[in-house]
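Got some structures for you, see below.
Next, two complexes with chain A in common: one pairs it with chain B, the other with chain C.
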Partner chain A sequence: MNPVVVENLTVAYQKKPVLSNVSFEVPEGKLIGIIGPNGAGKSTLIKAILGLIPKAAGEIKIYDKKYRPKDRVVGYVPQRGSVDWDFPTNALDVVLMGRYGHVGWFKRPGKKDTEIAMECLKKVGMEKYANRQISQLSGGQQQRVFLARALAQDAKVYFMDEPFVGVDAATERAIIELLNELKRQGKTVLVVHHDLQTVKEYFDHVMLLNVNTIAAGPTEEVFTLENLTRTYGGKLSFLEKDQLIVEQK
Partner chain B sequence: MNDLLRMILLDANTQWVLIGTMLLGIASGVLGGIALLRKQSLIGDAVAHAALPGICIAFLLSGEKSLFVLLIGATITGLLAAYSIQFIISSSIIKEDAAICLVLSVFFGFGIVLLTKVSQTPSGNKSGLDDFIFGQAASLVGNDVKLMAGAAAVLIFITALIFKELKVLTFDPSFAKGLGLPTGLLNFLFLSLLVAAVVVGIQAVGVILMAALLITPAIAARYWTNSLSKMIVISGIFGALSGMAGTLISTLGEGLPTGPFIVVTATALFLISMLFAPERGLVTKWIKRIANNKQLRNNKLLQGEKRSGYHEL
Partner chain C sequence: MSYESWILIVGSLAGVTCGITGCFLILRKLSMLADAISHTVLLGIVLAFIVSQSMSGIYMLIGAVVVGLLTAVGVQMLHHAGIQEDASIGVVFTFLFAVGVILITVFADDVHLDVDHALMGEITFVPWDLVQWGFLPELPKAFLMLSTVLVINLVIIGLFYKELKITSFDPQMAAAIGLPVLLIHYLLMGLVSITTVASFDSVGAILVVAMLIAPGASAYLLTNKLSIMLLLSALIGVSAAVIGYYLASWLDVSISGSMATVNGIIFALVFLFSPTKGLLSRKFTMKKLKMD
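Presenting the complex of A and B:
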């Protein structure tokens, strides 16, 4: 049973669709890269799958069922800019929010939840910053807190919107390690990614997106110069150089 | 003066009024704190001003000054104003500040017109409806004040109950939705709680200054802590202090309006917080920086001496 199946998904903010007839499926226990130029609809795709924005047409199935947040199978790491970091709270508290679905209405998170949250902070190397006010964290640290919060959700499928933006090389390494660890536990992770040079190294599968699905499948088969040309269109000139580097590796 | 104070404090009605304004202060502080973070403080201001036409219409229709009936009128126009603002923002190119301003002035202007009309009616000129402009807690009696105290207590209780949900909704709405929370319903519920707090408070604080009781304790509390729950508690305490102090002062002086004194107390608390709160207070920060710079300079001086010593060698 495939964790995510999308059929003929169409989404429009205004008249012109941002996603049109997007179809793809992803296998379980894999790291999947979602690749495409700015404005291709990558964030929109994730939001539509999570039901954060309405779809105009199409079918989305998570583990063969219509997605319901209550089932708690899906974890989400939004783009970092999406919240007000001046909010009065600390890192541990943000990670605890990942436990709210498990805690349920009206109740407060318990000691066990705090332990789990601390563990997740440790996994992203942020345990020292548990009590740090979130506005006093660096951009990369904030990104890691978001990641820890998603881990605390203890989901089966994760969607991450550009988790590597603004993090240093060492942190990127650490995050990739973490994602591989999730994969070993049989979880499925979909990551919006911009750095074409690392695609082959990081992802088992890729899905090339630009309003339509250009291609989706195992990285060796799909991540080809031809498909990339179709995805990025006229921006190919500087892309070719990147591509050469990728091919040489 | 002391005797007067003792006499007032021993009076059963005054005790109720004090309890009422205290609970009102807590409710306003708590809801205002959340509204501040949701950037909805000004909606509270518009709602308060919009309560005035509702009160007048309720009076004109019922022909009597029953607080309960008047507050129902206030609730209806208050809710109408709140949802009008949301509707204008979501369905037109008008931005939030302009939408709030528009709704506030239209409703309040209409309210003033109605108030003039009311004062021209035979029963109207003694109706005491103008008490609603600046608030008159001391004129609250019997069941009215118990109504206010009870309603404020219910608001505090509901907010405490859904605090965790409101928190994640405020910090990260899309994550809250991803958790399966009914975000639309929660938004609606919070707005309704805010309207309720305003309506409960207008008799004591008045429509013009009610928003200050929502906003001021909240921004004062923000100076003291970096934790949401602590901030909300402190905001509630500041609100309670303001409510009580304002009521006492206005009761001491015959016929003084309550609202302005509540707001003056809240503002004093805010000024103290802004200047002297640990870590964030302006004076505190200034003193710390001077000490810090001095230390840095001293260190540098030491280093400088070492270096010059090295040169001499």
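Presenting the complex of A and C:
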């Protein structure tokens, strides 16, 4: 059973369609890159799948069912810039938020949740910063805290919105190692990504998006010059350098 | 109890209640919406009077919640329809407040309320406005209302602490794990409405904004922990009320005005001298970094 199936999804802001007739399926236990130019609707796609924005039409199935948060099969890493890092809280507390769905109403996260949260911080190499105020962390460290929070959700499918943006090289390596670890555990990870040079190295599958689905499937089949040209259209000129790399690999 | 101690108690209660609720307004960047609600609840009070023909506390609280939520929902709807948020607040706020003002002038003969009183409050009269609730002895109405609202606020914030926290920090994540983000927003706006109306008699619609925002804004600059921020904000709210009262007696000026002024002075001091986030300490750190 495919963990994520999207059929004919259309999303519109005001009257302008941001996603139009998007259809794709992702296989279980793979790393999937969602690739496309700015304004292609990559973040919108994730938000629509998670029900954060209304869809105009289409079907979305997570493990063959309509997505319901209380099934707790989905973990989410929003864009780092979407929150105010000056919020009065520390790294451990943010990771604990990943447990809130498990804790339920009227209860506080318990000792067990704190242990899980600490473990998740350890997995991203941030256990030393557990009590650090989040505004005092670097961009890469903040991103790792967000990843740890998603791990604490203990999900089967993960959606990550641009986790590699604005992070240092060490964090990028740490993140990709973590993604591979999740894959080994049989989890499915969808990542919005826009560095074309690393696509072949990082992802098993890609989904090329530009308002419509351009192509989706195994990276070696789908990540071709022809498909990229169709995805990026007129912006080809500044793609050329990347294309060479694509071809060489 | 003496006249003076009633004023101190009522002022402190307003300080604590507003201080705690205000923290969430600051973290959610909703100060302007609070300003709007603090004015539109006037309409709620007038409507409550027209319906119930009394100035009873419970009707006032219900009226405040209804109109406060109407304000929040109206702003949300206009904003959702593509109007900028500040413009939505400006339109809804002034319209509902204006209707309130008109109704007050129409029913002026019956209502023990005038626009000045609603805007500025008059804490001086609080000790004489007594009511009798249930088995309790006759007590000042403002004291009973503020105590009730404080208890409601503490219970709601206690029950929904983690939900309020995550929806303030990361509403997208909160929605993704299935929390009713908008409902929690309205719940908080309900708290703001009853807080405002309970503080109305004492400090009025304009100064209540100072009591809602200033203590939380000061506390925000003093700590990195939400629970401590709530505590500090409550403490600052009380201090401002007490210091404000004595300052007013000493200078023989408006008590509520003096309380709000002290709130402003405390904020200014914290803004300058907070050990971690103050202007001076930040300047100092920058200088040190340059030297290194």
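Keep in mind that, in the parts below, the second predicted complex is superposed on the first by the 249 of 249 C-alpha atoms of A that agree within 3 Å, B and C clash if a C-alpha of one lies under 4 Å from a C-alpha of the other, contacts with A are read in each partner's own complex, and residues count from 1 in each chain.
Here, contacts are C-beta pairs under 8 Å (C-beta built on N, C-alpha and C of every residue); 3 or more make two chains touch, one makes a residue touch a chain.
Since the structure is predicted, the reported quantities are computational estimates derived from the model, not experimental observations.
When the two complexes are overlaid on chain A, chain B and chain C occupy overlapping space and clash.
In the superposition on chain A, A:Pro163 contacts neither chain B nor chain C. In the overlay built on the shared chain, the residue A:Gln14 is in contact with chain C alone; chain B does not reach it. In the superposition on chain A, A:Leu52 makes contact with both chain B and chain C. Of the two partner chains, both chain B and chain C are touched by A:Phe87. Annotation: chain A residues 47, 50-52, 68-70, 72, 74, 76, 78, 82-84, 87-90, 94, 97, 100-101, 103, 105-106, 108-109, 133, 149 touch chain B in one complex and chain C in the other.
For chain A in complex with chain B, the residues that touch the partner chain are 47, 50-52, 68-70, 72, 74, 76, 78, 82-84, 87-90, 93-94, 97, 100-101, 103, 105-109, 133, 149. For chain C in complex with chain A, the touching residues are 27, 82, 159, 161-163, 165-166, 168-170, 172-173, 175-179, 220, 223-226, 228-229.
Those residues of chain A whose C-beta lies close enough to touch chain C in the complex are 14, 47, 50-52, 68-70, 72, 74, 76, 78, 82-84, 87-90, 94, 97, 100-101, 103, 105-106, 108-109, 133, 135, 149, 153.
Interface of chain B with chain A (complex): residues 37, 161-162, 164-165, 167-168, 170-172, 174-175, 177-181, 222, 225-228, 231.
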